[in-house]
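Here come two complexes built around chain A, the first alongside chain B, the second alongside chain C.
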Partner chain A sequence: MSSPALLKRFLALPPSLRRSFWSSSARASPAGKPEIYDVVCVGGGPAGLSFVSALKSHSATQGFKVALIDSQDLTTSRTVNDADSYSNRCSSLTPSSLRFLKGIGAWERVNGDRTQAYHAMDVWDGVSGSKIHFDSVDKRSTGLLGAIAEMVPGSRFRASRRQYETSAEEAVVATMCENSSLASALLQRVKDFETEEQTAQVQMWDKTKVDSIDLGPEAEDEKSLDLSQWPIVSTQHGQIAARLLVGADGANSPVRQFAGIPSHGWDYNQHGVVATLHLDRTFSANELRTAYQRFLPTGPIALLPLPGNKASLVWSTTPQHAAKLKSLSPTDFTAAVNAAFRLMPVDINYMLATTTTTTDSQAEEFAWREAATPPSSTGLPPNFPHITGVQLGTPASFPLKMRHADTYTGHRLALIGDAAHTIHPLAGQGLNLGLADAEALAKQIVYGMEHGMDIGSSWCLDGYNSERWAANHAMIGVVDKLKKVYSAGSGPVVWGRSLGLGVVERLGPVKAAFMGAAAGVR
Partner chain B sequence: MLPPTPARSAQQLFRRLLALPPPLRQRTFSILNRPPPNYSGHVPLTITERAGLAVGSAFGSLSNPYRHDLIAALGEATSKPYFITRLRHAMLKDPTGRRILSDKPRISSQTMKLEDLRKMPENSVGRAYAAWLDREGVTPDTRDQVRYIDDPEEAYVMQRYRETHDFTHAITGLPVIIEGELAIKAFEFANTVLPMTALSLFAIVRLKSEERKRFFEVYAPWAVANGLKAEEVVNVYWEEELETDVDVLRTRLGISKPPDLREIRKVLREERRAEREARRAREDLGAAGGV
Partner chain C sequence: MASLTTLRNSLRAPVSLHPFLLQNSTPRALYHSYEHDLPPPYRNPEAAILSSALAHVPNHGFTTIALTLGARETGYLDISSNLFPKGAFELVKYHLVTQRLGLKNRLQFPDEGRLGVGRKVRSLILSRLQANVETGVVGRWQEALALMSLAENIPASLRELSALSDEIWFLAGDVSVDSSWYTKRASLAAVYAAAEVYQTTDTSTGFRDTEAFLDRRLEEVRTIGGAVGGTVEWAGFQAGAVVNLMRSKGLRI
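Let's look at the complex of A and B:
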């Protein structure tokens, strides 16, 4: 056929087909129109999975058509039930996060033998040695007047035993759980919804990359669906439209970029070094465990207990120190970690700055310096364990930064978890804030459903924003200021922060208020 | 109630102190409850005692500068809380300083045998040290033991500083007379920041006016300039540097040699004597001339 004839035939086509011929957007959807879902959750991490589970756990929302998209492979169980090896990525779950996980039925699917609850925290200053001890005794203290009365020497107020009578449940400060353990438990919970009645199945697409997110096309005529304000997610499985698009897709969230929500913050110029350590003592399951954290001028180092004789290390330090630590032999790494808890900062910096190539030199240096550094001068807690080894292959590091999105919601869009905020790990709050976000968003959607709202409208979503944004901002801000205050190596800042810590240590009710804030009391 | 006599009120106070809960009683470090010593010869002092020692030894050593034990006590009483710790950290940051703290060498007449030092090469540190000891008539044994510093490592740092003071004399060539000591103390203050070195500069009031002028014009500027720009002298492993050439060591540390004080004083003394002789000769001549 000749070209002009072809052109005339083409121009005779109806407009919709003509337009679709020239359109370059991918339309692999077999139906031609995107499939509409109530909630599309991009991101299958703990925040996304717990959010979907929370929706499915409520009667008002269990009939929702939900899709979950993740680029990683979610189906393989990554947890190995070997009592001698633990993953180096562990999180500390606060009591309110645990309550949430129990409420959605995910906690019962976590292997209890691989979680460790701890009952006290010892935090001390690496420069001045001033320390603070947190445990459940302060939560049940007798008030501010009682605290002052107890400080009077010779008074009888010390006799109050009420604060020591706590149940095992109440005595827990937080619980350590491997991230992979939690993720597989949540995944199992989401899969189990398939067998439950009245609960619509969750469409789970893993190993699926989101190709693009756009707003839908204009309506072709008055009667057809207007998806121009709806987000359309394009993947290899086709296009889906979301009444509410939830971004749970991590710090570099494509959903947040699609929404055009700016995220402000700064990089900390620190790396978080993680590892799984072996301790000198084996603890049984019913013993009281303590978590330890020491604030060094280069960054805080924390020892978090795991079952048996294991512990998890989280050490925020300079990128140079992190690189040096990862290059050390296991013996030297163990000596360096012991040094970071027991020696003066000048010794720690010297040990990590030396470019010695002989292995095991760090261990000799540490042995000499430990003998010359009395524990009382550095504020070391009396029952601090010796670290005897490190699990091979577990030392790793990741860069630390602080980010907070300007808002968590947009039209038919919400952000939860790391997509919304990134925080310094010194207070163990990152995952807990994400779970709290998931809980709050689910609660808000349930409320919206029960009150007949369009769940994607700002009328419904503003409630989530107002509940979580300010609380998260305050937590991120306090953690950032703590990090900055404890970065000073000498001078009046050290004196001031030691004085403040000493005062808080003696005022039980003030300490209990801080513990409550960190535990996410709601 | 009986009227409170002094004995009864003391008794009441004692009873109230005994009524303190045991943790509070045991926590207080007082003259009745002194902790055990951390090293042999250690005397733990309370804050009041240390303050009293500092004030007393300051005035005592000012009135009698030959009381080296009071100067030592002043140094120990004023070195905490910050200064001796800073010096210890300066040693820990340096590889040689760390080796010194690990080996903990001591300088005494047993470890520094003068016969061996005199045989060392010409212009070496050891030879200069021996020559200086002979010229001033002192031995390495005249240093007091550290007693009032609580941490054993910090006590060693103070002891090391005291024992190597003579080496500083040897490489700068300043004599043991009060003028030379003050110049050395000014240099040490700029170099180690120990308060005792600054406090001993109050002894300037004991100098004659011409010596004082010389101190402020020549030796104080030399001391401050060299002390600040030089390396930490406490980090020098003197036992290993005995055969090093003195000028080489001085260049390595960044110290320049000050004007020889004994020479200056000798020259001035001779000038004054010559002047006096000339004046007497003129007077005698005049008397003889019968004017």
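Let's look at the complex of A and C:
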């Protein structure tokens, strides 16, 4: 064919084909359209994993296409089954958290030998010695007559009102569980969903860092897919678009930064020291256990029971004390912890401020002081155990702060767990609030699915914000006030708080209300 | 108004006489300059009389007798104490002014800056209190306090106290430019005044008790400062939280 004829035929073609003949760039399709997922969860901690499990356990949402991204290695089991060693990161799970975990089928996969339920709690003031004792008898609200009866100990009226039968579950205040145990149980549960029918597999990308989160590109024309309002997560595995992006990625959440949600609060200028301790006697599995917490002016110290003769320590104290504690030998560390429970605050501050570097100096300092400090003068509970040792390598510390995000939801975005709020560990509520968030968000998504909503729209997500923001704010506020009230070392604040604690100890209904709030009763 | 009329009169005089007539109305800047020293606070005759009168204060107290003796010693007539219309209070003010201006010469800090601002403030206050002791005035200082509390003298005394507080913060290296500038100077003025009063009753060796008193007051300022700061921070947080709470419940604000 002659070239003029060819040219004429070419010019007769429609413009799009003519263009594609001349330029190669117009011919190539846009580089890999992002794969669309229903829910993308960034963060594979307890909150993220439990959220994904909860979604998969409901029939309305079990067919969801879900992706889970975490920068840590999730697949290798990090729990050792050694009865003699426990991780230093343990959490206290409230009964409502347990109910949620049982509901999604994760609790049965937790190694029961490594969890410890405790049935009572002793809290006392390090400065004035005033104390309060929580146990299952207080949990049941007995009303005004009960409160009057409690005020007259030893009376027949009081004896006639006491009910002694309690079910085993009701008797539990909370359950201690290692964080790694819980995480691996949740992971196991998520993997088990793969074998169930009608349940789509969860795409799990661990050891994957999120490179960036952006909104999608503008649509090319009216007919093509418009992802300009959808979050696109870029990782080494490519780009994925999320109908709902859930941020469960910890206190410095990239998802929260992408959403532009500010998070207000302050640093506590305290460090939390954790360790696994050995006690003087071994408890069997069916014995009643008690958790202890003493409020010192530098911060509260808590001893939480673990199976056998183990216990978990959480001690919030000044950064200088935390550094000193981490530098001590095991014998000195044990002596310092014993001192923190048994001696006066003056002695404790002296022991931790001394710059002596001789080993066992703390143990000597503690030994003669303990003999000189009668337990009744400091309010020490009668059955408080002696701490005989610390598991090597477990003392560690982390800075404490309080943060609360302004809102938990955005367009196609939700925050749960530490990404939404950070709280002081003195009430052991941090993980429980995160699990409650996961439960509430899952419930809201199921509701949205059942009512035909777009799960990423604010119409669906506002319900989650409305349910959880106020409750979390109240808990954060109470814990912050407790921390501030118990920071005073002397003066009218000490008198006031001792009086308040004494009153609450005697008023059953008030104590029951506090216990119920702490247990997350809904 | 008087300066304007003198200015007008001096400008109506012959041009050659202008420098002579204007020398008393040299303009003084209202700011402090690092390049130019402030003119001395007292003119030479007054400064001479007051400094020699101060030497008599341990024996005669803050009275006009000390002023008269001081005038006599410097070679002026006894009646020269009329130069000081406020009498013995001028002697007190002279002591305060010279000690305040001399504070930078008494105590200097090395440039490394390892000392915190708090410790520098403490050292400066102690140095200023020590100056009271070294000039021998501390035994008679209660009279000075009484003079300073007279109604006609209160404004001048407060001005001197605030100037001293400002000087101490300046020498300690304070560079704040927000409202804490005012709160810091107010709290330091209160602490200094309390310590000075306490010093007049202190009988311990080397004024140890005054030092301990000062440490307790500074600790209180730190505690209250922390508490107030925390409360303000909390109030701001709560205000934002109320708005966020209402938004979470569906209110469009």
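By our rule, the second predicted complex is superposed on the first by the 481 of 522 C-alpha atoms of A that agree within 3 Å, B and C clash if a C-alpha of one lies under 4 Å from a C-alpha of the other, contacts with A are read in each partner's own complex, and residues count from 1 in each chain.
The working rule: contacts are C-beta pairs under 8 Å (C-beta built on N, C-alpha and C of every residue); 3 or more make two chains touch, one makes a residue touch a chain.
Everything numeric in this text was worked out from a predicted model, so none of it was measured.
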Partner chain in contact with A:350 - chain B first, chain C second, else both or neither: first
First (chain B), second (chain C), both or neither touched by A:404: second
Partner chain in contact with A:330 - chain B first, chain C second, else both or neither: neither
Contacts of A:63 with chain B and chain C, given as first, second, both or neither: neither
First, second, both or neither for A:466, with chain B first and chain C second: second
Partner chain in contact with A:153 - chain B first, chain C second, else both or neither: first
Partner chain in contact with A:509 - chain B first, chain C second, else both or neither: neither
Which of chain B and chain C A:238 touches, first, second, both or neither: neither
Chain touching more of chain A, residue-wise (chain B, chain C): C
Shared chain A contacts, counted only where both chain B and chain C touch the same residue: none
Touching residues on chain B, where the partner in the complex is chain A: 16, 19-21, 24, 89, 92-93, 98, 101-102, 151-153
Chain B-facing residues of chain A, complex: 153-154, 158, 344, 346-347, 350, 368, 372, 374, 377
Footprint of chain A on chain C - complex, ascending: 230, 233-234, 237, 240-241, 244-245, 247-250
Touching residues (chain side chain A, partner chain C) in the complex: 264-266, 404, 406-408, 462, 465-466, 469-470, 473, 480, 484
